[in-house]
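Both complexes shown next keep chain A, but they swap its partner, so chain B is in the first and chain C is in the second.
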Partner chain A sequence: MARSGPTSPDRGAARRPPGWLGPGVLAAAVVAWEGAARAGWLVPFYFPAPSRLADTLRELLVVGFPQGVGMGTHIGVTLGRIAQGYALAIALAIPAGLLIGWVPALDRLALPVVTFCRSVATLSLLPLAIAWFGVGELSKVLLIAYACFWVVLANVVAGVKYVDPLLVRAARSLDTGPAGIFLRVALPAALPRAFAGMRVALGVGFMTIVGVEMVGTIQGLGALILEARTFFRSDVTLVGMAVIGLCGLALSTLLERLERLLLPWHRGLESVRR
Partner chain B sequence: MSGRRRGDVWLSVAGAAGVILAWEAVARSGAVSPAVFPPPSVALGGSLHRLSPGELGQHVGASLLRIGWGFGIGAGLGVVLGIALGWYRWLAALVGPLVELVRPIPPLAWIPMAIVWFGLGEPSKVFVIFLGAFFPVFTNAYKGMTSIDPVLLRAAQTMGLAGPRLLFQVAIPAAMPDLATGIRVGWGLSFAVVIAAELIAADRGMGFMIMRAREFGDVGVIVFGILLIGTTNLVTDYAIGGVIRRRLGRWHPI
Partner chain C sequence: MARIEVQGVAKQYAEGEGGLALDGIDLAIQDNEFVTLVGRSGCGKTTLLNVIAGLVAPSAGEVRVDGRPVTGPGGGKGMVFQQHALFPWLTALGNIEFGCKSRGVPAGERRAIAAQLIELVGLRGSEAKYPIELSGGMQQRVAIARALALDPEILLMDEPFGALDELTRIEMQDELLRVWSSRKKTVVFVTHSIWEALVLSDRVVVLGGRPGRIRLDLPIDVARPRERTDPRLTGLYGEIWAYLS
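On to the complex of A and B.
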């Protein structure tokens, strides 16, 4: 949580809370949790102690859950599915978005379909995907692709559509042809928006994979946490959740860094369409 | 201008009609079995024949009731905490890290623990929807509160406003557009979450409806359910957007 803007300005710098307060609260919470668990105030099945979770993490890394399927495999399988679906979505959404954004009639034509498809909850397609493609990998990858596709598409379309008309007119007055305007004006101007859409899409894909993996597989982080519940291993579920959170955080941080590296002139685009 | 706009509407209608007609034509051409890829007319007609209006209403009602509870509690708490943490620094320093720690975990990942803590009944679903609504609303409310133009606050202070009056009469109205964004994102996420929760464990609701249809191999009902879910989401989102626009005025882009 970056503290950028001013909070209430009537509170001076002298009363700014010390930096150790946040980490201190976290440490205190963990100690209290451990203490309450050791004192027997917490039912271990509902709230396993932090020390127990540390043991579980070691077990997941060494033995795996189910036995033989280590944490590395779960993470690798999940990330692999996301990567495939995400790549497919981007490969389709960028050309489609450029076309729809550049041709106004096409934009109008596609509007109702795009609006409706974006409103369809991706996971509601899960039963249909299973009926069509079975419970295997294809269904999962296609659902991730669906979830990511519309977010990327909407942002590429918006990026091209709302290119500053002044830029286009300036290029035209410099005798640039339509192809030149598209390639050298519209495309670079739409890039930041498109990239922001791709960043949000990865988050959406990550959210979706967890749900998708809860059906018909034992590999992957989503499968891990649901499978653990049926074996009454809530400790495995909690460790799995933490790993999911860390993976999501790592992915979004990575893309943010990449964005800053590739588009150094455009920082912090706020208006991203979901 | 109005002539052009009317042309735009016709193009959009043509686009929607074209997709539906193409779907109907492909499905009827016999290239794919209609049991696997039913034409829209058959999916709709067959489903309405199989599901009584009462049953249908029960599924839609169950889903909306769950969202109503989860979103109501989540958005309410998100607004209050977002504003409070955005206004009081010590509170942000105290509670902020805890929220940030939990935030990266997707709401759907809480489903197994929700079942452990609350059982298979309604509270576990409401809890997961609560999480889906809380984080976008909280994050946007907090962002809105911390990015208020400081000139606005200083001007109000110069005119003698302080404390709660500064908060309620200047700061919160200034943060409204961000709050509205959070509420719409939170609603959309709540919708996605309830369907997922109903797929995994439920005995009624729209997600349950399509998952049961899959067990019976009834693709028509699945297709109908998907269209029903999309329509319900679209209509409710549009209604919320309308309320926000009326309260905030048309000039705030959301």
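On to the complex of A and C.
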């Protein structure tokens, strides 16, 4: 608007770092690392040089580690496990969260349970999961689901519970009954938080996978890292970590895009900074 | 019979004398009358509006609309709030159609009602925008259209222009009067601006004290359109001011 003209050139824009800064810093770090390694300042076992890691990646892609189990398999198996556990968690947590958030009595009942279960580190359940569900895929998927479930649940509950009461009053004044308020006010109002929970849960899934894959499998990025330890291959560990990180980054970005597509009305600070 | 009858209404929010927000409110509002409730912050004017709306139950007394006791919101009582209270996930059009959907008005009819209101409140071209994309004045236009979509006999407005800048506010006051004259409604309007009350209303009701009681019930017998500089309004301003301070 013209009225805000003189002050409108966004001072935030000037402070925002240029786009090349992130990749630039990263590239500089890699170059410095390589230089330090070649100069002999770094012990190769602890800090393998980037060029060495590139060779390792090639080895993992072509030969596989252990031999015959290629990088594609590791990635595919890991993503498959995460996808199943994550999907299961979301499928259960969203309806449960909507219900708990909507019914105050359920919320009071559920709050200590949710807090308790969230506090139990998922990996501490690994022995129990193996005893109950065996060392196969089921244990792994269920543990990932467990880890993701509580995060999504807590966020959906909060999303419903903290719906702006003004919006509820507005809906009531527009002849909207309880069912309408639940479906047409509470549900959409909870979506941004549900998405936030889903983004965090995805990260939790990736954090959990390494531990979960330490038992009963040689396939998957977690198994790869564990196997590398057995053979003193720190380079393989590092490449495995990097690949996990990149997968997490890619999926998180995808989820963010999806959120923007599905919730065009929810832009928060972004629209102010533009 | 008056359109709205408020009889002996009191509202106690908490135990003890300090918890009494309203006491002994009697008020009769005629059909098509534009009544403004004025008072300092905390005088209970919004509480009274919410009691009339059926959003807050009175601790004593009763509110009747067309002779029937008010038991809940809606049902011919439209509301406009101070913060626009628009549903952020719906476009302007979606917001305007919200109440019709609740009532199960068929899609074709709904569209027609919304299209008319969009013309009436001057929103053409902004139908597909989300509330976050609209200016404060435009947001309140959507909120007014949304409240009018169910064609309520009564329009309850809680400081609807309080968050707008002065110029937009004056513009919106004129708009509201235009809308009001084209679709006769009984309006109860809460504001803390004496000028706003004088420009808009048939009657100004001044609330004051703790608990809030009616201090003054003043008819504004000045023909519309009113000049904001009219000396008669200035005189009435002084009269209201005396009861407020």
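Rule of thumb we're sticking to: the second predicted complex is superposed on the first by the 224 of 274 C-alpha atoms of A that agree within 3 Å, B and C clash if a C-alpha of one lies under 4 Å from a C-alpha of the other, contacts with A are read in each partner's own complex, and residues count from 1 in each chain.
Here is the rule we use: contacts are C-beta pairs under 8 Å (C-beta built on N, C-alpha and C of every residue); 3 or more make two chains touch, one makes a residue touch a chain.
The structure presented is a predicted model; accordingly, all values stated were derived computationally and were not measured.
Peer 1: Look at A:G177 in the shared chain and tell me whether it touches chain B only, chain C only, both, or neither; answer first, second, both or neither.
Peer 2: second
Peer 1: Between chain B (first) and chain C (second), which does A:T115 come into contact with in this model arrangement: first, second, both, or neither?
Peer 2: first
Peer 1: By the touch definition at the top of the document, which applies to A:L254: first (chain B), second (chain C), both, or neither?
Peer 2: Touch partners of A:L254: none, neither chain B nor chain C.
Peer 1: Contact-wise, after the overlay, does A:L167 reach chain B, chain C, both or neither (first, second, both, neither)?
Peer 2: The answer is second: A:L167 touches chain C but not chain B.
Peer 1: Check whether chain B or chain C contacts more residues of chain A in the superposed model.
Peer 2: Of chain B and chain C, B contacts more residues of chain A.
Peer 1: Regarding the shared-chain residue A:V25, is it in contact with chain B (first), chain C (second), both, or neither?
Peer 2: first
Peer 1: With the two complexes superposed on chain A, say which partner A:P188 touches: chain B (first), chain C (second), both, or neither.
Peer 2: second
Peer 1: Could you give the residue numbers on chain A that contact chain B in one complex and chain C in the other?
Peer 2: Shared contact residues on chain A (touching chain B in one complex, chain C in the other): 1.
Peer 1: Show me the residue ranges of chain A that touch chain C in the complex, using the header's touch definition.
Peer 2: Touching chain C: residues 1, 164, 166-167, 169-177, 180, 184-185, 188-189, 191, 263-267, 271 of chain A.
Peer 1: Please give the residue numbers of chain B that touch chain A in the complex, ascending.
Peer 2: Per the touch definition, chain B meets chain A at residues 8, 11-16, 18-19, 36-37, 86-90, 92-102, 104-113, 115-117, 142, 145-148, 150, 153-154, 157, 162, 166-167, 171, 185, 188, 191-192, 195-196, 199-200, 206-207, 210-211, 213-214, 217, 219, 222-223, 225-226, 229-231, 233-234, 237.
Peer 1: Enumerate the contact residues on chain A facing chain B in the complex.
Peer 2: Against chain B, the touching part of chain A is residues 1, 3-11, 15-18, 21-23, 25-26, 29, 45-46, 105, 108-113, 115-117, 119-128, 130-132, 206-207, 210-211, 214-215, 221-222, 225-226, 228-229, 234, 237-238, 240-242, 244-246, 248-249, 252, 274.
Peer 1: In their shared complex, at which residues does chain C touch chain A?
Peer 2: 53, 55, 72-75, 77-79, 81, 83, 85-90, 98-99, 101-103, 130-132, 135, 146-147, 150
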